[in-house]
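Below, each structure is written out as structure tokens.
Each of the two complexes below includes chain A, the first together with chain B, the second together with chain C.
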Partner chain A sequence: MRGYLIGKVAQALLTLAFVVVFNFFLFRVMPGDPAALLLRGSAAFNPDTLEQVRVDLGLDRPLPAQFVTYLGDTLRLNLGDSFFARGRSVNTVIAERVWPTLLLVGTSTIASAIIGLVIGIYGGWRRGSAFDVGSLGFTLFVYSMPEFWFGILVLMAFAGGVGPFPAIFPTGGYETPAAGLTGLSHWVDVLNHMVLPFFVLTVAYLGEYAIIMRNSLIDIMGDDFITTARAKGVREQQVLWRHAVPNALLPTMTLTILSLGFVFGGAITIEYVFSWPGLGWLTVQAIDAKDFPLLQGLFLLFSAAVILANLVADLLYAYLDPRVRAG
Partner chain B sequence: MGRIWRLIRVFTVGAMLVGGGSVGIASAQEDDGPVVFTIGSTDEITTLNPLKVYLASEYYILAWSYHLPFSFAPEDLSAVPDLATDVEVSEDGMTFTYTLQGGLTWSDGQPMTAEDMAFTMQMYQDSHAYIFSGYLTLMDSIEAVDETTVVLRSKQPTSLYAGNYLYAYVLPKHVWEGFDRPKQFENYPNVGSGPFLVEEWRTGEFIRMVRNPEWSGPEPYIDEVVWRYFKSQDAVAEALKAGEIDFAYFTAPNIFNSVKDEPNIETMVGVLPSFDEIGMNTGSAYQDPDGAFVPHGDGHPALTDVMVRRAIRMAIDSQQLSEKVYLGYAPPGDTIVPPVTIAGARWEPPEEERLAWDIEAANALLDEAGYLDTDGDGVREMPGGGQPLEFRYFVRTSDQTTIDAAPFVQSWLEQIGIKTEVTAMSSGRLGDVINAGEYDLFDWGWIPDIDPNSILSYFTCDQRPPDGTSYGNNDAYYCNPAYDELFLQQQSELDPQRRLEMIHELQRIFYNDAAYVVKWYSPLLQAYRTDTFTGYIPQPQPEGDLLSGYSRDAILSIRPVGLDVGGGDAGAGGEDEGAGPGTGAETRGVSAGVWIGIGAGVVVLVTAILLLRRRRTGEDEA
Partner chain C sequence: MKTPPIEPTAAPPPPATAEGPPPDRVGPRRIAWARRWRSLVRVARTYRRNPMGMAGLVILLFFIAVAVLAPLIASGEGLDPTCPCTGVPFQPPSREFPFGTDNLGRSVLTLTIWGARISLLVGLMATLISMVIGSLIGIVAGYLGRWPESLLMRLTDWFLVIPFLPLAIVLASLLGRSLLIIILVIGVTSWPSTARIVRAQTLSVKERPYVERARALGASGWHLVTRHILPNVGPLIFANTILTVAIAILSETTLSFLGLGDPLSTSWGTILESAFGSGAATAGNWWWLLPPGFAIVLVVLAFTMCGFALDEILNPRLRQR
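On to the complex of A and B.
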């Protein structure tokens, strides 16, 4: 077990190191000159200004020198200054968005996993029942539905107010600007802003969990040990929760933990519709502005989160399934 | 200002259902709370450092925080005194003596003097401020001779520094001096001299500006200005309908239409100095090396021929494009100096010179120039056969109107035997492609300065992207020595009337050379609630920017509906009796009690299920 553990951790660290190196070159092979982008449309444009901007951005030095600086800075967790949000450090820009992203995407991932798994379990267990047929139709629909489309409908219904739908909730953002709220009233305000995007994301994500859980459970239900359990006279509830579900949970658990790794990536379309200050839309803006330092920082964060989630999934898997650590 | 750089203009959803009203306002602030004016927009600012501004949205913050040497009149954008009350120009047109108003104070209590202005202009020039150094290319030196007098010397005779061409905001020297690299300065919260200063900036969310205690001009009626940044236009529309915001800018005409007939909402289509164009690669690969410029790229050789470009201009109907794509809100375009500019600067092509929409005449022009369809496939070839007239045509994903216009343009060009392949890409990518000269047609836009000098300067030969990787303003690779010479002449012309004539001639040359098809002059789509605030001042009048983004007139005049100010009603806006609702910051949603109830409900439910299951399991194992 210890060997397995050390192996997995080493593998994760190696992957992370690769990402750090790869990150640097990935964005620099993108065509175009970020300095020139900043000057677009400026009457100030001339070679002098351009050179000055390159110096400002640290792009004037040869690539190997930039790389050495980059490595040193990254190890010290100094990710440099963003080009796009000019004058502010990448750490600050990312830090501002991490909490709202985790709050929204994290909670809705967990909620959708729980709801999705429960739907999947009951659907798979009573395969062919009215609940199964109904829930399968529903989950397939929400799984294939475009999130932003559903988001706009929800926004129009519950923020703008259409027909019988009450316009209760705010149209977007993380909090009410300039309201100067603190303490409990601040958190209530944030919760109110979160309701609609949380609802949309939870509904949009739960289909995947339900479908995988259902299929996984149906597979297990045909296995010999289930038949054995029933033959022993174990009650149906017991068969489901003690024998079938724990075994069927393995693939869905991997999915859930990996999804948690992707939480940092945000939810671009939902952030867009509900003006949520998350990391997803920040990434879009960073790509558009060719903001190398910001993109490097974001990708490092995303990769680290996914690598960590992978590691956790591996370790947990080994714990839950002895065959893995033996093999 | 510069290239239109609207990051978000993507999703547009069709007609929205009627509805609205702000049910469910859980807790409104007390009546004696601050009066907050809230603006909704999708164009978030990226910096508070004036050395680095480049977005139109950033100019509002500057205009309300700082003084200009000379500002812009709300009526017609002509020069009016601001920090400077007067300027004297020497006989040779090379020395400008500004007299400043004394007695002004920065928001931190320091006096504002001539030193501040001289220092700021010098800093803009020395540190290559992205936009503002552009106005100082002719400045040789600047110095403060006493508390209220600044002398600027230019490198050549010019009339530019006698008015508001010097569109560069004055900063406090005591705050900005001592930086090695002032561009790195965050400038937040800012020290300024205007009526409102930035107090709070949550990126991705909002900016909050509060009153400057040292402001000695007319007292504003509002206490705070909040810019709330949305990502989608649909959300802006919903927020306006729900009363979460008081004023909004839109870029999508159909979403703008969806708020038009809502109760308590008034809309106004403003004109602003802006145009969108289809630009052509007039020969990046075929022109002679010249200074830094080396030929590069692979544009279609046919576009080096002015006859082909003119035929393209004649095949594109600006009127129809405006109606179909901009739902009629955008005035059709012709020359690169938009209707909003200094008085008399715009040249309108006379009837006999107008390259009006005429497919037949365009076809005749191409026939005459020898571009014939020799193989009968519907596409013309270069004179003498050979390469067919097939053009790459690039539009931008960030601007839906460029995408919407493409099918019209494509079908018109098809009718004159020109085939196009339309590709949509990000603005960043298109910028690269243009610098590389690897395009034939593209669709983009500009927001020119009020003085046409800047927009005209972009099309001189030395503004071409020089080497395939560097940026240049001249994205059509337009190069005409006659144009260049006349441009320099107008810059040095001291007689205003003669200068205007030269500006007209420059536009005429550029129009006839047809490097650009100016599609339309982009409108400013504005909507505001009539039950909260009034006192908007359009700039220019009668139909301009209701927040008068070139000056601080509107922000000093905007006031809650029903507030008695005496002296009559200035500007647009509905008058409605009763205290303006929603003037404070309101929160929406359900109250704390409901949330606690929901939380308690969930806990009870989960506990019940667990207890139930445990009992059953216990029974089973017993």
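On to the complex of A and C.
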């Protein structure tokens, strides 16, 4: 067990190191001059200032020297200054956007996992029933739609108000600007803004869980120990919840934990559609502004979150399934 | 796939005549192809009994027909905002414009029909790239084993944890906006899962007795891979390809929606981008949003259904018990 644990942690660290190195080359070897981008549109744009900015950013030095500086900075979590929020560090810009994303994407990931699992369990248990066929059609449909398209439609119906739909929710944002609400009324305001994006994300994500849970349960239902349980006279409900579901949960649990890793970067389009001030929308803003230090920082954060989630999934898997540890 | 392996050597040796082989010669290749043809027919028969797969296939053929016949159904001039055929902007559906018009007065129906071309093209080309990279890495890793395998699988794991959408966004925003870049970006970011599936299958095929026998007969590595391993891994790659197309089309839509698509070509994603950018959601221009969206859902759904159906047939573990 200890060897397995150390191996997995070492593997995660190695992957992180790869991402850090990859990140450096991704933003340096690619075409485009960051210094010119930084000065773009400013009055100070002339060859001298361009040269000065290149020196300030360290772009005049040879690539290996730049790499050493980059490694040192990244290890100290100094990700440089953002272009688009002039004079502010990437860390501060990212830090103030973390909470809205965690709140929205975190809660909807958990909600979609729970709802999706329940749909998948009942569908797989009664394979071929009306509920199974109906829910399979529904889950395949939501799995196939671009989530931002669904978001726009929901936004149009319940915030814009089209035809019979009432415009009962705000069109976007995290809170009513300049309302100065505090305490409970502030929270009610935030939740009111969160209803639509939460609904959209939950519906958009649950398809995957339902499909995987259904397949995994169907797979398990054919196993001998289920037949044995039935032959022993175990009641059907007990067979489902005590014998089949716990075993079928393993793959879906891995998926859930992996998706928690994607929480940081996973809702880019939905945050954009609903102007939700989280990391996803920040990514879109960083693209528009060609803010490479910020994109680099976001990319590092997103990758690190996925690597961490992978590690947690591996360790939990080993804890829950002794065969993994031994093998 | 399940036919007992008939070795090429089982064929009678060609008569050594001076005027060359007679025209009805039964060569090893012909035997192999006949076997493959029979198994294809068998798969097609099973497939026909799968309602989900058939529904997906029908939808797919419809959209492929629309994409191929686009110039005949709707004149390409309708894409040009200066064309006299355009109408009043933001017009709801009418007799002249069944799906209404966009902010430039163009028919949304024409845009959606022409969008099928770009969306399907990007989806298929990106998938092709992804399949070639994924299969190559999977087969090489699975066949060679030892250090090349650990190296290649490490690389695969790395690409698997790098969040796909942010990487695609970063690449597309660094490299610029063009159709080719979008295809390349989706292709080079979506191969890792294929590589893993192919490697697993290669590992299991490699250990089968007939491969061992071929090796004992002195078959080269190239022969083993192209004649024994690839034909057996092929069906799985194919089922996986179909599913990858669905993901590639969704990725194209997302990247285009974020403004990273080719500004000069019309895809379903760029239609949605311009609709959302022109405030179609708050203005309630539902006719502008629904057609391209439903087109995406139907095509992705169709590919997914075909892929699931094929997977059920080709993947013995999933067969109805």
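Please note the rule applied: the second predicted complex is superposed on the first by the 305 of 327 C-alpha atoms of A that agree within 3 Å, B and C clash if a C-alpha of one lies under 4 Å from a C-alpha of the other, contacts with A are read in each partner's own complex, and residues count from 1 in each chain.
Everything below uses one rule, namely that a residue touches a chain if its C-beta (ideal position, glycine included) is under 8 Å from a C-beta of that chain, and two chains touch if they have at least 3 such contacts.
All figures in this text were calculated on a predicted structure; none of them were measured in a lab.
In the superposed model, A:K8 lies in contact with neither chain B nor chain C. In the superposition on chain A, A:H243 makes contact with neither chain B nor chain C.
Once the two complexes are laid over each other on the shared chain, residue contacts for A:Q52 go to chain B alone; chain C is not touched.
Of the two partner chains placed around the shared chain by superposition, chain C is the only one that A:Y143 touches, whereas chain B remains out of contact. In the overlay built on the shared chain, the residue A:F27 is in contact with chain C alone; chain B does not reach it.
In the superposition on chain A, A:R214 makes contact with neither chain B nor chain C.
In the superposition on chain A, contact of A:W281 is made with chain B only, not with chain C. Contacts of A:G222 after superposition: chain C is touched, whereas chain B is not reached. More residues of chain A lie in touch with B than with the remaining chain of the pair chain B and chain C. Residues common to the contacts of chain A with chain B and with chain C across the two structures: 31-32, 148, 152, 155-156, 159-163, 171, 272-273, 287-288, 290. In the complex of the two chains, the chain A residues touching chain B come out as 31-33, 35-45, 47-50, 52-53, 56, 81, 84-88, 93, 96-97, 148, 152, 155-156, 159-163, 165-181, 184-185, 188-189, 191-193, 195, 235, 237-238, 241, 271-275, 277-278, 281-282, 285, 287-290.
Within the complex formed with chain A, the chain C residues making contact are 154, 157-158, 161-163, 165-167, 169-171, 173-176, 246, 250, 253-254, 257-260, 269, 272, 275-276, 280-284, 286, 289-290, 293, 296-297, 300-301, 304-305, 317-318, 321. Against chain C, in their complex, chain A makes its touches with residues 11, 14-15, 18-19, 22, 26-27, 30-32, 140-141, 143-146, 148-149, 152-153, 155-156, 159-163, 171, 215, 219, 222, 262, 265-266, 268-269, 272-273, 283-284, 287-288, 290, 295, 298-299, 302-303, 306-307, 310. Considering their complex, residues 1-3, 5, 7, 11, 13, 16-24, 26-27, 29, 34, 36, 38, 46-47, 49, 52, 54, 127-135, 137, 181, 183-187, 200, 202-206, 208, 224, 226, 228-232, 234-235, 237-239, 241-242, 244, 292, 398, 426-429, 431-432, 435-436, 446-447, 449, 454, 457-458, 463, 466, 469-473, 585-592, 595, 613, 616-617, 620 of chain B touch chain A.
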